[in-house]
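The letters A, B and C name the chains in turn, as written, and every chain counts its residues from 1.
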Amino acid sequence: MTADFLLSLAQAITKGLLTGMVYGLMALGLSVIFGVMRVVNFAHGEMMVVGMYLAWMGFEYLQVSPMLSLPVIAVIFFGAGYALQRAVISPFIGRPEHQQFLLLLAIAILLVNVSLVIAGPDSRGVQMDSQFESYELGPFVFDAVRVHAALTAVVIAGLLWLFFTRTRIGKSIRAAADNNLGALVVGLDVRRLYAFTFGVGAACVGAAGALMITIIPVTPFLAAEYTLLAFVIVIVGGLGSMTGALAGGLLIGVSEAVAGLLLQPSLKSMVSFGILILVLLLRPQGLFGKSGP
Amino acid sequence: MSGARLELDGIGKSFRGLRAVHDVSFDVPAGAINALIGPNGAGKTTIFNMIAGVYRPDAGSVRLDGRQISGLRPDLVCDAGVGRTFQIVKPFKGLSVLENVTVGALHRRPALPDARAYAADILLQLGLHDRRHQAAESLTLPDRKRLEVARALATEPKLLLLDEVMAGLRPTEIDVMVTFLQELNQRTGLTILLIEHVMRAVMALASNIVVVSYGEKIAEGTPAEIARHQAVLDVYLGEAEPA
Amino acid sequence: MTLLARLTGGVPARSLWGLGLLLVLLLAAPALLGKYGLSVLILVLYFAFVGQAWNIMMGFAGQLSLGHALYAGVGGYIAAGLFFHYGIGPWAGVFVAVAAAVAAGSIVGYLGFRFSLAGVYFALLTIAFSEFTRIAFDHWGWAGGSGGLFLKVDATSDILNLRGGPLLFYYVILALAAGTFILCRLLLESRLGRYWLAIREDPEAAQAVGVPVLRCKMIAIMISAALTALAGVWNAFYYNNLFPETAFAMGRSIEFTLAPIIGGLGTLFGPIVGAVVLTGLGEIFTDLSEVFHISGLKQIFYGLALLVIVMYRPAGVWPWIAERFGFGEKRR
């Protein structure tokens, strides 16, 4: 193995770690929602894509950097998620999985096609100066946008951690995720809690969308891919586990980047799916999930 | 059908280092009705689950008419002649009462009309026949308990394991169930082992009682013997004290 | 008991007459309908057929598969590839195709069931296998890779090689859909079918009354995969092209699930009614959106329709129709 190869391998790993942070933030939303409500958000990738479009529109029409529109998008997503849960999803909690699946599938179809009608099928990206910048550290070169996105994702994850450990509602959500019935008994308003949780999950994925648009352009067809990606990440990390979602994001980010280097780029998601199959069979509770009964 | 002899020989089970059942041995003679009693969490249901094949014992063996059944899958244990009910009832909710019992009957009667007729007959015996077309999920708890018994009986077992089928029943309903089980036992010779907290039923039915506490057998004897047994009294009085 | 008695036992006479009339109408349909009408009816039958196949696994045995495109894709590719490369006609190739799909189903099923994956976890396993295979086919030269596999479009009718016009494909898919309907009825009225329902409702209780759970689930996935593979073969020869991107797509798998869920999961007529509703809505929405010239509009209508149906008829359309018009089976 040459030094050149090792260097590009290290480069790929760091690139994967940086992208993986954003993946992790996206998956965190899915994991939080499942952990508390036992509802699998089949519209997760679609929500991600809508977040990317909103950030793109802010940039295109209002000349606002995605980094700046991110908090606004997160707030919009929180509100929309809260309302969606209250109005549509709420009666489906505890229903058979296939009914939840069909409901969220219908929402996914609506989200992605409304995006398609508004923004068209062409890929839309933002052109920022920082996309041409990079940081050098010894022999390593880091894309500036990736570093910014990853750092922002870390900050948001940190804020979420504070939210879940320090605030009353955050602690309640964690309690509900751990033991649904317990939360009911303690007398929390579970319905509001669920809506709040869906809002937080949506805000995560909206924020992740705003970050992702700085790295790659968006098309409606990315939606299904992101839904799958989010599934892979949370299963690998442990469905319902927040640490697991972040760690799974990093793992899948790195595996994609390394597979893209060693194999043909088109084979990179094969590695992710391979990892998913192995985890499902050998440790279905995920790498960070609590062990089963 | 006739009853089979059940032999438990030093069975034990631990869950993640926690000892649930340790070195329990007892026999249930063919055609007898015996009871397994003890405080909550004593390991009674774990013992049932080891007999029924849900858990494989870490130690010891379970034999039915001399044939080892421990370690077999639950469906094969059923095939060997063991029928069981679940403490937390598990009806096939979306199916009708008749279809619930028919599934059990299909085990030894592969043709659907045969199985259905046999199931209807069992429902008649248990007083559920009028409700046979209702969805199982619409039944009241006492009826669900009866459904559990009916479904287990439909597999034509030689040994019936009843896990707290009297719980939640009114005294008159308990008497009806007790009479039904006695009559069934006399008519068919079916061996019955029951876990029960309702002492009135235990005393009326069981010829022999096994008492477990903290996963170990602490006493065995006739109802009269058990009622006088010091260790048993300690356990039950201990439980009755305020925690 | 004869097969016929098992088929018709307990079914009200008006339902039998209705079914007979339906069959006659379907047989005569090509003479009654125009080219467009026939093409729509072909779609209805295709989705009814593949929906019935999926319904066996989910509706009967309660195992949620979101990766059924795998079996259709494998089946279609193998039959098309055998014909394309070696001139082996689909009537022979279909056996290889079905065998391969059953093998794939057995692998997915054995791994999933052996490791006790249920619900969403099992569904994700099926997606993962389907996606994995999609990428593999993208890089498999024999199957044409990502560029796709094309069958020569032949105007001349050659029934021996399943080459011909819509009429041929109509009768083939009608036979498949009708045959599967009868098969489903026979299965449901058998010990195996009742065991599936028991497993769907409560696997632990089922096993306690002697149901060999793993074996029954394996049979369900194998039958379901075999039928889905037939749909895949039919589809490949009807459209004359195959791309991994669409053949193994998650969207394809989801398409298979819609008719049974919308129509009524676990019922015999659910997949058929669902296919009529969905294809009908699809055609109406296509016409509507052509008026406005906006791409994506059709899918928005479609999404709204799904939303309305699942919110107001979560158990499906058919149980509601059957209740209202008294088509249900007599209670025995």
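The definition used in the following text is that contacts are C-beta pairs under 8 Å (C-beta built on N, C-alpha and C of every residue); 3 or more make two chains touch, one makes a residue touch a chain.
Keep in mind that what you see is a predicted model, and the values were worked out from it rather than measured.
> Moving step by step between touching chains, how few steps can get you from subunit B to subunit C?
Steps on the shortest route: 1.
> Sort the other chains by how far their Cα centres are from that of subunit A and give me the top one.
Computed centres place B farthest from subunit A.
> So how far apart, in whole Å, are subunit B and subunit C when each is placed at the average of its C-alpha atoms?
43
> Centroid of subunit A to centroid of subunit B, CA atoms only: how many Å?
That pair's centroid distance is 49 Å.
> Need the CA-centroid distance for the pair subunit A / subunit C, whole Å please.
Roughly 33 Å, centre to centre.
> Going by the touch rule set out above, which residues of subunit A reach two or more other chains?
Correct list: empty.
> In the complex of these two chains, what residues of subunit A are touching subunit C?
Residues 40, 88, 91-92, 95, 97-99, 101-103, 105-110, 112-114, 116-117, 121, 220, 224, 228, 231-232, 235, 239, 264, 266-267, 269-270, 273-274, 276-277, 280-281, 284.
> Please name which positions on subunit C make contact with subunit A in the complex.
58, 64, 66, 111, 115, 117, 119-121, 123-125, 127-129, 131-132, 135-136, 138-139, 146, 249-251, 254, 257-258, 261-262, 265, 294-297, 299-300, 302-304, 306-307, 310-311, 314
> In the complex, go through subunit B and note every residue touching subunit C.
Touch list, subunit B to subunit C: 52, 54, 73-75, 78-79, 83-84, 86, 90-96, 98-99, 102-104, 106-107, 110-113, 115-116, 133, 151-152, 154-155.
> Subunit B touches which residues of subunit C in the complex?
Those in contact with subunit B are residues 1, 6, 189-191, 194-195, 197-198, 200-202, 204-213, 331-332.
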